[in-house]
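Two complexes are shown next, each including subunit A; its partner changes from subunit B in the first to subunit C in the second.
Then we have the complex of A and B:
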């Protein structure tokens, strides 16, 4: 059986469904924009206060919470409409399901970021970081991959529980802290001072390692996670 | 239908072999050592009260649940050790259509065709939609379909990859009489091409279709018989074996 064809089928199905209903994307974009407005007022204690060193944290906290909204939805439709049974009846390697779901979540997160990052820059970043854009994009992609890989794995585990909406944040947030630390440090450095790849090497390698660990973990456990 | 131990010489013609099947949810043992087999081309109707373990049995056959103990083989493949060939061999029609409501009929079937690696995808989808009288609605999202139309599309989903074995879980449940007629017509059309296992509360349907009959109560087979039993006799047997015979 062609794993690539199955991967594309699951991804295409999730994208068509989301583009048609816009359930996830609209709620995530609204959440991100509202969070920025709230941050703007919450941190404006002094008119000329320098928020530069908070920017990385604000950005990644917003994305992680926004992704939680999306992750809850990404399996809810499979579960609610009992389509998960249909999917599991197919002769498909469970890892293919994980990879396709992770790719779908990654695409949704990137769409949110295409809207959110320019708005965030307007609100909070005082210096131009156009010259550091390649470094920023590498950090963004690696952190996104970690968030989506871990999030997809945990959303799969929690979807069969009665209190999945509560359980997912409880297990996801502590485990995503390493990504938050590395991504926040790298992003803040880029926004505040500018940073070359050399300056970011340790954090980029850390993000790569995190992504690799959770991809391997998912490879080994996903059959069990998505089963009974 | 007989115990697999008695049928080893005829193993090549057996499509389904279940021996000592047990399944536990938490502390509750739902299946308590079921053993049965079904010949290729047979139609097994499984009856029993709610909670007897009928659907659990079907879900183990479908590889959706793992057996706690015992062996289950479909088309010669062990469902636990070798599930992929089993999944290619079976189709499941449930009262739950397992369709994506925000996708069109064509998009749903295209998705499942790609998942099963159907080579003649577009031709097969067109053929099935025409056969099920859904061609005119192929580009409408399934959310706008009636229950009967969804059930017809669910049949298309289940037979899209030309499975040898069809598992039916209360397929008539919630259908109006017209939809029941259409479903029965379709089953009649594909009857000769498949082996069937049907879980049902509908004794008339089960007796009409079944070549083999079985009653499960509290996780045990309490009655099994080849077909040829009339409705009144079977109802009496059902009352005799099942505590809550009133479900008839």
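Then we have the complex of A and C:
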């Protein structure tokens, strides 16, 4: 099998497993909706407060925390059922495993975003940003890729340790702050001010650079992260 | 192992440079003309400590790469020692930075790019030790720690860059691409403090490495007698 077919096989396996149980997606979507409600109560400090300026931040905080949940789940199953050992015994390049896992996590994140973004918009954003959707989608995809690539690498490490789901947030959150800063800034500019690509150029390039750097770093270190 | 300079000599050297640097800072360098006055003198320690912390993390980064290439435990030891010292120096950066901030801006904390970056650096490298503490098997611990040290060090400049997207802060930009922006006498004092601080780092690394080696030997001996 060549790399592309291996990649597709691993990705398909992850998607099928999730479609059969749906436990990860459902809990992630519920988490996102609950987070929205929590944010609503946490920020309702005065009547008719306009939360447009805070929506970008709420969204990205929610996505990052939801991703933590998802990452923990996706690797816990691999480990508990010893699927990973089987996968490692196959003549598959470790980097292919990384790419397939990242793609799988990206798809899950996109699914919850399809639910979350409209709902958050409906509840919190006071102006329509339909015309600015292209730039929002670019920001969303670039930030997602960074979150998933870094998240997959770190989840691979944390799942092989004694305190898996406790460790992941501690090593993941400080590393993801740059993406949070850039993505939140860009999203807020789009939601609140309808910023175009010109205004967002620096942030978009930054996210692109972040993705590229950490894809390369993960490419170089994944062999060691997955072990054996 | 025969060393070029003995460890105590390094400490003495560091001490001399640091004291001379301090004396020069107070007696030779001009008093800051702006509102900062004498409080600006903390800069002669604050900036060298910051630079030394980054050097320590840089050495840990190189040691991590060397470890992954060779699987030689000595690089892991160097990595641990450097990250620990880097953290110590980072804590000092935060402390001196906050004192200076209070004197110069009237506030202990400002969400300003450099200060924020150092705060995140502290969190990152504390996480490094948390990661080490939850992996029992030695080789695996060293490998994971090395991967994390590489990723963390790459993240530091990226974080610094990202914090530039935040609303502007108050930190003075002393060294820019166009020069240092320091009068000569200030630069000499600063430079001597910097040498002193770097020597101190080297001395501490040397000493801590010795301690770590001994720890490993004790562990090996214990294992060999079945303890």
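Please note the rule applied: the second predicted complex is superposed on the first by the 226 of 228 C-alpha atoms of A that agree within 3 Å, B and C clash if a C-alpha of one lies under 4 Å from a C-alpha of the other, contacts with A are read in each partner's own complex, and residues count from 1 in each chain.
Basically, a contact is a pair of C-beta atoms (placed from the backbone, for glycine too) under 8 Å apart; a residue touches a chain by one contact, two chains touch by 3 or more.
It should be emphasised that the depicted structure is a prediction, and the values quoted were computed from it without experimental measurement.
Is A:17 contacted by the first partner subunit B, the second partner subunit C, both or neither?
first
So, A:227: does it touch subunit B (first), subunit C (second), both, or neither?
The answer is both, since A:227 touches subunit B and subunit C.
Of the partners subunit B and subunit C, which touch A:217 in the superposed model: first, second, both, neither?
In the superposition, A:217 touches subunit C alone.
Between subunit B and subunit C, pick out the one touching the greater number of residues of subunit A.
After superposing on chain A, more of subunit A is contacted by C.
Who does A:128 touch here: subunit B (first), subunit C (second), both, or neither?
neither
Contacts for A:160 in the overlay, against subunit B (first) and subunit C (second): which applies, first, second, both or neither?
second
Both subunit B and subunit C touch subunit A; at which residues?
227
Which residues of subunit C touch subunit A in the complex?
Touching subunit A from subunit C are residues 68, 120, 123-124, 127, 130-131, 134-136, 140, 143-144, 146-148, 150-152, 154-155, 158-159, 161-163, 165-166.
Give every residue of subunit A touching subunit C within the complex, in rising order.
Result: residues 150, 153-154, 157-158, 160-163, 166-167, 170-171, 173-175, 177-179, 181-182, 185, 202-203, 206, 209-210, 213-214, 217, 220-221, 224-225, 227 of subunit A touch subunit C.
In their shared complex, at which residues does subunit B touch subunit A?
62-66, 84-85, 87-88, 90, 92, 94, 96, 98-103, 107, 110-112, 114-117, 141, 157
Under the stated contact criterion, what part of subunit A meets subunit B in this complex?
Within the complex, subunit A contacts subunit B at residues 1-2, 5-6, 8-10, 12-13, 16-17, 20-21, 77, 81-83, 85-92, 227-228.
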